[in-house]
Amino acid sequence: MNYQRILEQVINQTDPLVAVGHQADYIPALAEVNPDQRGICLHTLSGEQYAVGDSDVRFSIQSISKVFALAMALSLEGDNLWTRMGKEPSGTAFNSLFQLELEHGVPRNPFINAGAIVMADILVSHMLDPEHDFLAFVRRLAANETINYNRLVAFSERSTGYMNAAIANLLKYHGNIHNNIERVLQFYCMMCSIEMSCNELATAFLPFADHLRPFSFGGVELTSSQVKRMNAIMQTCGFYDEAGEFSYLVGLPGKSGVGGGIAAIHPQHYAVAVWSPRLNEKGNSVVGMKALELLTTETKESIF
Amino acid sequence: MNYQRILEQVINQTDPLVAVGHQADYIPALAEVNPDQRGICLHTLSGEQYAVGDSDVRFSIQSISKVFALAMALSLEGDNLWTRMGKEPSGTAFNSLFQLELEHGVPRNPFINAGAIVMADILVSHMLDPEHDFLAFVRRLAANETINYNRLVAFSERSTGYMNAAIANLLKYHGNIHNNIERVLQFYCMMCSIEMSCNELATAFLPFADHLRPFSFGGVELTSSQVKRMNAIMQTCGFYDEAGEFSYLVGLPGKSGVGGGIAAIHPQHYAVAVWSPRLNEKGNSVVGMKALELLTTETKESIF
Amino acid sequence: MNYQRILEQVINQTDPLVAVGHQADYIPALAEVNPDQRGICLHTLSGEQYAVGDSDVRFSIQSISKVFALAMALSLEGDNLWTRMGKEPSGTAFNSLFQLELEHGVPRNPFINAGAIVMADILVSHMLDPEHDFLAFVRRLAANETINYNRLVAFSERSTGYMNAAIANLLKYHGNIHNNIERVLQFYCMMCSIEMSCNELATAFLPFADHLRPFSFGGVELTSSQVKRMNAIMQTCGFYDEAGEFSYLVGLPGKSGVGGGIAAIHPQHYAVAVWSPRLNEKGNSVVGMKALELLTTETKESIF
Amino acid sequence: MNYQRILEQVINQTDPLVAVGHQADYIPALAEVNPDQRGICLHTLSGEQYAVGDSDVRFSIQSISKVFALAMALSLEGDNLWTRMGKEPSGTAFNSLFQLELEHGVPRNPFINAGAIVMADILVSHMLDPEHDFLAFVRRLAANETINYNRLVAFSERSTGYMNAAIANLLKYHGNIHNNIERVLQFYCMMCSIEMSCNELATAFLPFADHLRPFSFGGVELTSSQVKRMNAIMQTCGFYDEAGEFSYLVGLPGKSGVGGGIAAIHPQHYAVAVWSPRLNEKGNSVVGMKALELLTTETKESIF
C-alpha cells in the first residue's frame, strides 16, 4: 500500500475544510495556536513511517492523554479498575453531570472527564510522584525524552475548569475520589497539558496496535488481552458523543482531544495520528475526522 | 483452526451458567420455551460450518430482527435514514423514553426500540405488503423458505407492549412516525416474532461478514461501505446497555435479542450465532455472552 | 369592597395585553375561537355577583376540569387516592414523560395530565357511565343543567393527542391504569371538552372557597378538611410550570386551562373566573394571569 | 383561641413520634445534639406568646436561614433577583444537580441549595463584611444580640460539603457566581450555622406575618407586596420535595432546616416555630411536621 501517496491525497482533500469549525479557546494558550495547521503521520508495525504536513509540530494532546492514563491504571489495578468506573459509551456530552448523578458517582467509562478524574485519583494513590511517573511512561512510549507538560496550559485549565471541579466534587460526594480533590484536579490538568506531535503520537500508539508483542514501557505492563480491550474501549468510547459516527465513518479505535489531535489504530497494521485545531460542535477535529474517514475509505482498510 | 473442537469446549465451559439468569416471561409464548437449551453455530466465509448443541432449534429472534430491518431501511433510504435517527450508542436502558423526549423524538440509533419502530414506519411507507417483503428478504438471506413469523408471539407482544406504544406515540407526537401508529406497531411486533435457529442465523449473518462480495438478496442491495457500516453500528449499539461490555469481552460486532439469541460477525472470517434463553439483568443471554467471550479468547481472534 | 369598579379597572388595564400571546391551535375547534374576547366574574360567599366583559360566553374549560375530577376522585377514594399519585409540584412542563418514567408511573400530582388520566381511570372503575355522572356533578355544582361536553373537541383531542396516549401507555406499563387505555383516554378528553362561562365557573368554584359549609353536590361529598386540601393542591400545582409565579404574583389557589380560562379562590371570601384565549409560553392566559394579579394587588387581598 | 392548651395537646400527641426518624449526622456537631428534645413557640401579631417544651434551646437553623437571606437579597436587588434564579418549586431532591444543569445554571428557586448559594454570592457582592451584616440583620429581626454563628458547624459543613461545592462550581461554570467560589461557600455555610431557639425564630418570623406594617430591620426594607410574596415562595418551595405535602397537611407558608427546625406563618395571625432533631426521609422534622399539622387541624386555621 502506497501510504505516502494516500496520506498526501487525503490531506489535499481536506483543503475545503481547513477553515471550518472553531479551535478551542476556553484558555488563552489553546486560542493562540495557529488554527490553519494540519499534519498526519502513520507508522506501520513493519517499521515504515509516513508523514504529511505539520506532523512534527507539537500540540496539546488534551484528552488523548486519557489513553495513556488508562494503560497505567489498568496495569496497576487490573479488572479492579471496573469497580470504580464502567466501560459503556456515555451517550451524552462529554462533561455531563446528569448521568454521573443518576449513577451515583460511577463514571460511565474512562474516557469521559469523570472517568479520567477517577483514574487521576488512582494514579495519585499509587505513586509518590505521579507527574514524574506519568511523563516518564509517555516519554518511553513515544521514545522521546523531550516530551513535556505545558504547565501554563495546566494551570490555566485548573483555574477556569469549573465543570471539572463540579465533577470532582460530585465524585468525592459519592466516595469515588480518595485523595484531596485539588491534588487530583491538578494532576488531571497536567496529564491533559502534555504536548506531542503527530509523529510522536503515532509512535506512542503503535504498541496498542500489536497485542501479540509484550507491552512493557517504563514499568507499565499490559497483557495481550488488556491491549485488545483498550482498543475496544477506544472503539466504543473514544469520541465523546460522536463515538458511533466515528465508528461508522472511520471504523478504527481511536481517541480525540480538544487540542485538535486524533490518534487511531488499525490493529495488527498501523497507528495513525492526525492534527488540525479547528473542531466541530462535538469537540472533534474537523480535518482530523475527515482525513481518517478518507484514509480508511481509500485503503479499504477498517476493522469491519 | 479446529472450530468444531473449540465450539465443543466453549459450550462445555458454559455448563455452570446454564441455570443462571431468567428467561423472558413477559409474554406466555416466550415463558414456555425450555430454558435449558443451548446451541451454537459458526459459518466461515470459506464455506465451513460448525455446530454444537441445539443449533437447529428455532427460537424467537426478537431484536436480532433489527439488523435485517436496518439492511432494508438502509437499502431503501441510504444516508437519508440518518435524518430520522442517530447512530450513537444510547447509554441507557433499551426502552427508555427519557432520551427520546430530550432529543425531540429522534432515536439515538436503529437498534433501540424507538429506532426500530421508526424503521418499521419507513418500511411501511415503502411497501404495500411489508410483512411479506420483510419475510421474503430474511428467507432469502437465510436460504430457507420455511422461516416464518410466530403470529401468536406478535399478537401477544402487541397487546401487552405498553412501553412500545408509549414510544410510538411519543415518536408520532414529534412527527417521526408517518403512518398509522397501530399499523406500525403491528409490523414491528411481526418482525420481532420471526423464529430462526442458530444455523439459520449464522447463514443469514454471513453476508454481513463479507463486504468484498456484493450484498444483494431479494432486492435488498447494500454497497461494500454500507455493509461495513452496519458492522460498526452493531459494534457500538448492538447490546443495549452492555455494548461496551460486549466489545470489551468479545470484540466482535453483533446483535442480541430477548429470546436468548446472539448473532455476531468476525469480518472477513465468519458469522456465529449462539442461543440460550436465560438472560442477565441487561437482557442478554448469559450463556451466549460467555460462549462468545470464550470463543474469541480461545481463537485469539477479534477485530482488535 | 367595590368589586364591580375594581373588575372594570382590572379589565381596562389588560387592554395592552389583549393581543399578546397565542391561542391554543392544536385542534381546529380551539383555533376558531375569537381570541380577542375576555371576561371576568367574581362571586362572593355572601351572595354578591360581579361581572365584566364576555363573562357569559362559554369556552372550553380544558384542564380546569381536573379540579372537578379531583373532587370526585377524592370523594370516592379518600386518602387512598395518594397511593396512585403524589401531591407535589411537578417542576417541569405539564406533559413531560421524564419524571413519570423516573418515578415509575406515579404522577407527581392530580393536575398534570398524567395525574388526571389516572383520575379518569379511577372514575371509569367506579362508575357505569362516568361521562353521565361527571357531567351531572359539574351541572349541579354550577347550578346549570345546560352545561355540556363538546364532543367535537373531545374527538379531535383524542385523535391527535399523541402525548397523552404516550403518557397513558407509560402509566399502563407501570400498572397505574386499570381499565382499557382507549376507554380512559376518551373519558379524559370528554372531561376536558366541557364548555362553561366565567359566570358558571365562578358559581362552580364558590363551594371550594367555603370549607365551613358541607360540600355535597350530586352525591359528591367532601369533608371540610378535604375542601381545604384541594385548595392547597391548587395553590402548589394549579399552573403547570408557573405555579410559583402565580402564587408569587396572585397569591390565590386556582387552576388554568389551555382554553384560556382561569378559576381561582379566595378562601372564605370569593371565587373568581377569568377568560381570554391567548396564552403565554407556559400555556396560561396572558390577560387572565394579569387580571388576577391586578385584582389581588388592588384589593390587597391574598391568602398571604 | 387558647393556644397554650392547644400547643400542649399538640406536643403530647407527638409522643409516639419522638423516636421516629434520624437526626442529621453528616457533620459531628449535628450528630451530637440530644435527639429527644422538642419545643414549640407561637407568637401572635397581637403580642401574645405561647411556648411548650424545649422552646428556649438553641439549635442549628440551617436552611431556615435561607428566608433571612432572601429578605436581604430581595431588599437589595428587588425583582432583578429573578434574573439569577426562578421562583418555581423544584420537584426533585433539594441538592440535585440535574435540573440545574438542564436549566443552564439558573436555580429553580431561592430555597434549594443552588438558589441560596447564588443569594450568598449576591450578598458577598453587595457587602464588605457580609458575615457581619447578615448576623446583624438576624439579631435585629429576632431582637436578640446574643444570636451567633457556630463556626465549628460552618467549618465542618464547608470541609465536607462536596455536593454544595459541586453545585457552586456548576453555577460558576454557567456564570451565575460572580465572586470567588470558596468565599461564597464559606459565607453560605456561615449563614446555615446560625443557632436560634424556637422562641427566637418565632420572633424573627413574626414580621413576615404582617404585610400591613413596614418591614424595616437593620437597613433591610421590604414593601408590603414583597413580604406577601416571600410568603408565597415559602408556601410553594419551603419544604424541599415535601412542599406539596406540607401545604396539603398544614396549609401555612414555612421553611424547614435539617437541624430539625420549622418556622411557619399564619398571615395576619401568628408566627410559629417548632423543633425536634429527628428527620423523615425527605429531610424534614418528623415531630415538627406533625405538630404543625395538628395545630392547624385543631385551630381550624389555615390560609385555605
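First chain written, first letter: the chains are A, B, C and D, and each begins at residue 1.
The rule we apply is simple: a residue touches a chain if its C-beta (ideal position, glycine included) is under 8 Å from a C-beta of that chain, and two chains touch if they have at least 3 such contacts.
Bear in mind the structure is a predicted one, so any value in this text is a computation, not a measurement.
The chains in contact with chain B as well as with chain C do not exist; no chain meets both. Centroid to centroid, with C-alpha atoms defining each point, chain A and chain B lie 32 Å apart.
A separation of 47 Å divides the Cα centre of chain A from that of chain D.
Per-chain CA centroids place chain A at a distance of 55 Å from chain C.
Those residues of chain A in touch with two or more other chains do not exist in this structure.
Checking each pair of chains for touch leaves A-B, A-D, B-C, C-D. Residues 86-92, 99, 108-109, 211, 224-225, 228-229, 231-233, 235-237, 241-245, 247-249, 251, 253, 267, 297, 300, 302-304 of chain D are the ones that touch chain C when the two sit in their complex. Interface of chain C with chain B (complex): residues 96-98, 101-102, 162-163, 165-167, 169-170, 172-173, 181.
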